[in-house]
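Each of the next two complexes has subunit A plus one other chain: subunit B in the first, subunit C in the second.
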Partner chain A sequence: MSSPTPAIEIQNLKYAYGRAEAVNDLNLSVQRGRCYGLFGRNGAGKTTTMKCLLNLLRPQSGQVRVFGLDPAKHEVEVKRRLAYVPDQVAFYPWMTVRETLDYLASFRDRWNAMTEQSLLERFRLNPAQKTAGLSKGQRTQVALIAAVCPETELLVLDEPTSGLDPIVRREFIETVIGAYQEGDPGNRTILVSTHLIAEFEGLIDEFTIVDGGQSVLTLQADEARDRYHKIRARFPHTPPEIDLSHALRVKKTGRELELIVNGGGPELLERIERQNPESLTTESLTLEEIFVATLQA
Partner chain B sequence: MTVTSARLVKEARALFMPWCAIVIAAPLIMLPSSMEVLPGIFEFLSTASFWLGIPLMASLSLGNEFHYGTLSMLLSQPVDRTRVWSDKIVVLMAAVVSTGLLYLISWREMPGEFVAAGAIWMVVTVGSATFWTLIARSTIGGLVLNVVQLFPLIGLFILVNWMVRPLHPAADLDAVDVFLAVFALIYGCLMFWLGRRKLAAFQATGGFAGGDLLMTSPGVMGGLLGQVLRCRPKGLVLNLIRKELRLLWPVWMLMILCVVGLIILYPARNMQWQDNEWINGPFLAVCLVGIYALLTWILAGALSVGEDRAAGTLSWHMTLPVSAGLQWTIKLIVVLATTLVGLLLVGTTGALIYGKPFTDYLGEPLTRGRLLQSLLAFLSFPAFWCASATKGTMRAALWAIPAAYVVVVAYIIGVVLAMQLANTRIIDAAAAAVHSFTITYGTYDLIDDLAESWPLILVAIALVQSRRLFRREVQESSFELLRRLSWPVSAAFLLGFMPQLPLSFAEHNWRAGRMLVSEIHGRTAVLGLTPENIGTLSNPRQLSPEETEKIVLSEPAKLWLKDARIVVYGGTSNVLNKRNLEPQPTRWTRVHLANGWVCNAGGTFLNGQPRTGPAWCADPTNRYFVMNNSWLRSLLGFNPWRPRW
Partner chain C sequence: MLLQINYKSGKPVYLQVVDQIKAAAASGALKPGEALPCIRPLAEELRVNRNTIAKAYSELESIGVIETLPGKGCFLKENHSPLRKEVRRKMLIEEIDQAIVQAHHLQVPRDEFLQLVQERIETLEEKRRAYENLNVEKRED
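Let's look at the complex of A and B:
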C-alpha cells in the first residue's frame, strides 16, 4: 500500500551562490511511483535543486523533504532510500570496475548481483578494467549500474544519459529504467533532470520546467500533451488577420501559418476554419516542444 | 595587450601567489629574534620556503594545467609546443631568478656552502620540474618526484667526498666541490632538455584524473598490498579505511623512501663534511627525517580530503548512505595514524642505525617522549583543516603552514594586547575605583590553567569547523579559505586575550599596589617619625589627611588611595642589619584599601639611610598573591608588562 507522503516535497526553496540566485522560490511535489522530469536550460537550477535534496547543499530558505524526512536531519536514512547519478561522475582511478562496484555495494543493505552482472554484460564493461581508463560514457554506465543495483525507492538522475552513445542511451532508458520501476510498481520513483527530453518522452509521468531558478510550468505529461497543440494552416493567399492572442507562438511563412497553443485550441481552430484554409492540421506537442515553446514564450 | 604578453601574463598569474609567499618569507631571517613569537620560526620559514618553495613553484607552472584540466586545450592550440614550453620557462625563470636574488641578499650571514647548495638546488629542481611534473601529471606528484630525485644525487656527493677525502687528506678539496657543482649543473641542464623533449612528445592520455600518478600509481600497489587494500562488497568501515590508506599512498612511499635513504646514508655515519664538524652522517640523517616529517605533515592532511575534493569523489560520497561525520572521523584517524606510524618508524630506524648522535640531534623529548611523538602527529591537522576549507590538495598544502602560523600569532597578539591593556589609565582608574584585585591563588591558577590549555580548546574548535566544512561544497578560492580561517584566528585571539586580561589585570593591580605602598613607605620618612611618635603594631598611628597629602604625590597613587586608611608603626629588628646584632628601631607602613585589602611595607631602619624594604599586598584572607612564571613569559623572552610608576 502506497503511503500518501510524497517521495519528494520542495517548498519555497531558495539557494544562491553568493549573489547569483540558483534556485528562487521553487515548489515541487513528486508522488511515489512516478517518473518526474526536471527540465531547464543550463544554469536553470536543476542540479542545485537535486543537491539540496541530497543534503549536498543546505537550503537557504524553504524546505525540502524526501519521503517526509528532512535530508539535513535524517541524512543517512534518506540516502539509504535513494540512489544518485551525478552529472559528472568521479571514481577512484586506482580501482577497477569490479572493485568500484564492490566498494559501493558495501554501503548498501541490498544489492542485486544479478542485475549488476546483466548490466555489465549489456554495457560491455570489463570488470577488470581500471576506472582511470574508462571513457566518460563508460563511467556514467558504471554509475548507473551502481544506482540501479541497490534497488532503492528513489532514483535521482542528473543528466544520466550525457555521454552515452545512442544505443546504450536507448537501452538504458527503455530497459534499465523501465525494469527498475517495474521491479516494485507504484513504489519506485525517479527524478530525472535532462536536456534530452525526447529520449525520456515515454517515461515521464509529470514534469516541471524551471528557468532562472523558478518553476515555470508543472504538468502531468498526458495533460501537457492534451493542452499543448501545434496548429498548421495553409491558405490560398497570404494568411488573413486573425486574433491569435492566445497562441504561445505564431510563425507565418508565405501562405502558411503555424501556431503553438496552450489550451484554447478549439476556439482558435474554429476562427481559422472560418477563414477557409486550404489545409488545417493539429497535433499534440512533444515534451521537448513544450519545453522550447514555454521558455521561448 | 599582444598575444605573447597575454600568454605571459596568464603564466605569471598562475605563479604570482606562491611567488609572493616565497618572497615574503625570504627576509624573515633578517628580522631580530626578539620579534619571533616562536623560537627559530623566522629561520625555519625562510629556509623551508626556499627549499620547498622553489621546486614547488617550478612544478606549479605545468602542474596547474593538470589541476585545471587545461593541458589538452593548451596543447590543442595552433602554437608550437616548444613555444608553450618557452612561455612557461620565461615566466618561471623570472620568478626563480628574482626569488634567488632576494634569498642571496637575505642569507648573506649564512655559510658559503649553504648558499652554494641553495644555488645548486635551484638549478637542479627548476631544470627537472617539467620532466617530473609531466611524469607525475600533478603538481604535488611532480614536487615529490623532483625532491626525491635529489636523494641519490646528494648520496653521490657524499660518496665522492667520503672516497676522496681519505685518499687526499691534506689536499685542497675545492676542486672536488667545483667538480660536484659542475656535475649538478650538467644534470640540471640535461633534465631541462629532457623536460622540453617530454612536453614536445607528450600524449594527453588518461581518464578524468588525467592519469595523475598520485591517484593512479600504476603497479606500485600491485601484488599482496593491492589485495589487502582491495575493497570488498561487505564491510563499509573497513572499505573506507582501505580507501583512505590507498589515498595516502604517497605518504607511505615517502616513508619507505626515507627509511631507504637512512639505510643508504649508513656508510657515511662517521663522515664529516670537510672542516664542518657538525655536518656529518647523523646530521644528514636528521635532515632527511626533518624533510620527511615536514612533507608528511603537509601531504597526509592535504591529500586525504584534497584529492577527494579535487577528483569530485567527496561529493559522490556525500550521496551515499553513510554519515558525513563517520567519513570525516575515519579520514582524520587514518591521517593521524599514518603520520604517527611514519614518524615512529622513521625515527626508530634513524635511532637504530645512527644511535646516540642521531638522538642527540633530535633531543631527548622527541626521541623518548611518546606523548610528544603522538602530539607531533597532530601537526597534520592544519593541512587537513585547510583541505576541508578549500578545494584542491595544492592549495591546502600551500596554506597549511601559514594558516597554523597565523593562528599562533593571533593567540600571541591576544595575550600581549591583554597585557598592554592592563597598563592603560582606563584600567588604572577602574582598578582604583573598585580595587578588585582580590584574586587568590586558586582563581589565578584556574585561569592560568585555562589559558595554557588553549591549544586543546582551539583544536576542538577547529575540529568542529573542519567537520562542518568537510560535507560542504567549497569554492577553489584562497579568499574563501581566509574567510574560514578567520574563525580559528578569532578563537585563538580570544583564547589569548580573554583569560590573560584578568590575569594581567590582577598582576597589574598587585604590582601597582606593591609599588604604591613602597612609594608611600618611602615618603613617610618626610614625616619626621621617631620611635616615640610612630606607634606600635598593636596601636599604630593613623596618618591625618594632611599627612597623607604630604606623602601621596603621584596621580595614580591618589586614585588608588581614595577612601584608604594609612597607618605607620614602629618595631625593632636585627634581621636586616646583620652587622649590628643589637635590635634596631624600624618603621612600617600599612595601607588599608577600601575593599578590605591590606598592603604592607616596612623594615626600614629609622636610624639608617632611608631605604625601601619588602612590600606586599594581601587579600582579606591574608593569602599573598604571587605571580606564576607563565610559559608565555619565558617564550616571549621579555616582559610585556611595563608599569608606568
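Let's look at the complex of A and C:
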C-alpha cells in the first residue's frame, strides 16, 4: 500500500544568514492529519524552517515540499492550501478589525463566516476597532481567526503563544482543537513551533527537537513518554554501587538517587530494587522535561 | 463525569480516556443510556488533540462499552460485551498478570495482594451502591 504524500517533507535543508548557519541539514516529515511540534530554544532554526515552507526564504540547499509541491515553484497553490500565524503579527494600522478580516478573506477561496462570528464573540473583539489599538494578545487572536476561517488543510503556527497571557494562550489552543480540527477531522494538519511545550502537550502527536539547526530527536509523543522515565530511589545508607551507565542523567544527593533514562527503565528499576532501597518511584517525563533532558545531555 | 489526563503516567493519552470511562461505567458514575460528552467540547476542555478523543471513543465502541447514535452523540451501552467468554477471560488474565508483576516489584506479598483485590472490589461495589442510593433519592424527590 502506498502512503499518501506527506503534508510536509523537508530533506537536508540548509539556510545561513551570511556566515551564521540557521538551519543545517534538517530533516522532517509530517503526515496528513497530524499535529506536529517543532521544539527548540530561541535561535534553534524553527522560524527559518517555517519561512522556507512558505517561500519567504529560499532553501540554499536541500529540499522542501508541501503536499508534494515545491513552495518556490508552486507558491500560489501551496499558499492556497495553508494558513500561517507568525510570532510577530502585523496588520495595516489604519484598518479596523472588520476591514482587516475582509481584506484577508479576499485572498481566499473559502471563508467560514460563522466561525469568524463565533470567534470574534469568543475573543470579545470589537470589529470596529482600528488594529493599531489592539494589544499583542488581540492581534494574535485576529491572526488566528484569519488562519482558521479559510479552512485550509495545513495550519502553520510559529511560536503562536509566546508573550501572551495564560487566558489568551488557553483560548488559542482550544480554538485550534475546536474550530480548526473539528472542521474536517483527520485531514487537518498542524505544524507548531514553540518553546512553551507544556501547553501543547496534549495536542502534539509527534515532534522534532531542533538544536543548532539540526534535528536532534524525532518521536511520537506517546512513545516518548513511554521511553523517558525519571526514577527516584532512597536508600537507608549511602547509595550502593549500581551500574547506571544506561542512564541519561544521574543525580546523587545524600541517600537519594535521581535518574533519567531513555528506554531500559524496567531493567534499571530491577537492578536498583535488588539493593533494597527504602523507597523507589518512577514516572514518565513530560514532553517539556524530555526537551530539557535532551538538550542538557 | 470528570476526566483527568496525567502525562507522567506514561500511558498513551487515548488509553487514559478509555480506562477512565470504563472505570466510570464500572463504578456507576456513568449509567447505561447516559450520554458521554461530545468529542469537541471534551477535547477543548482537556486541551488534547481532537483525534485522540475520537480514537478513544472508537476504541470504546469497538469493545462494546459505548454506542454512537448518528446525530445524537455517544451513549453508554448496557453491560453486554460482544466478546466470547474465553476472550473476555484472556483479556482479564493479561491485566491480572500485569498487576501481579507490579506487586512483585513493589514488594507486596501474595496474601496482602489478594486481600487488596478483595478490598478494591468492595470499594467499587460500595461506590456503585452509593450512586444507586443517590438515584433512588432523586426519584423520590
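Keep in mind that, in the parts below, the second predicted complex is superposed on the first by the 290 of 297 C-alpha atoms of A that agree within 3 Å, B and C clash if a C-alpha of one lies under 4 Å from a C-alpha of the other, contacts with A are read in each partner's own complex, and residues count from 1 in each chain.
In this text, contacts are C-beta pairs under 8 Å (C-beta built on N, C-alpha and C of every residue); 3 or more make two chains touch, one makes a residue touch a chain.
Because the structure is a prediction, the values reported are computed rather than measured.
Enquirer: Which of the two partners, first being subunit B and second being subunit C, lies in contact with A:R108: first, second, both, or neither?
Expert: In the superposed model, A:R108 contacts subunit B only, not subunit C.
Enquirer: State whether A:G178 touches subunit B only (first), subunit C only (second), both chains, or neither.
Expert: Once the two structures are laid over each other on A, A:G178 reaches subunit C alone.
Enquirer: Examine A:Y84 and indicate which partner it touches, taking first as subunit B and second as subunit C; both and neither are also allowed.
Expert: first
Enquirer: Look at A:G186 in the shared chain and tell me whether it touches subunit B only, subunit C only, both, or neither; answer first, second, both or neither.
Expert: Touch status of A:G186: second partner only.
Enquirer: Figure out whether A:A128 sits in contact with subunit B (first) or subunit C (second), or with both, or with neither.
Expert: Touch partners of A:A128: none, neither subunit B nor subunit C.
Enquirer: Applying the touch criterion given at the start, work out whether A:G202 contacts subunit B, subunit C, both or neither, answering first, second, both or neither.
Expert: In the superposition, A:G202 contacts subunit C only.
Enquirer: In the overlay, answer first, second, both or neither for which of subunit B and subunit C A:V76 touches.
Expert: The first partner, subunit B, only.
Enquirer: Using the superposition on chain A described above, determine whether A:D222 touches subunit B (first), subunit C (second), both, or neither.
Expert: A:D222 contacts subunit C only, not subunit B.
Enquirer: Once the two structures are superposed, pull the subunit A residues common to the subunit B and subunit C interfaces.
Expert: Touching subunit B and subunit C on subunit A: no residues.
Enquirer: Which stretch or stretches of subunit B touch subunit A in the complex?
Expert: Touch residues, subunit B against subunit A: 206-209, 211-212, 215-217, 221, 230-236, 239, 243, 246-247, 311-313, 315-316, 318-324, 471, 473.
Enquirer: For the complex, give me every residue of subunit C touching subunit A.
Expert: 5, 7-10, 12-13, 39-41, 43-44, 46-52, 54, 105, 107
Enquirer: Any idea which subunit A residues touch subunit B in the complex?
Expert: That would be residues 51, 54-57, 75-76, 79-80, 84, 86, 88-95, 99-100, 102-108, 111, 130-136, 139 of subunit A.
Enquirer: Within the complex, which stretch of subunit A touches subunit C?
Expert: Result: residues 33, 35, 170, 173-174, 177-178, 181-182, 185-186, 199, 201-205, 221-222, 225-226, 229, 269-270, 273, 283-287 of subunit A touch subunit C.
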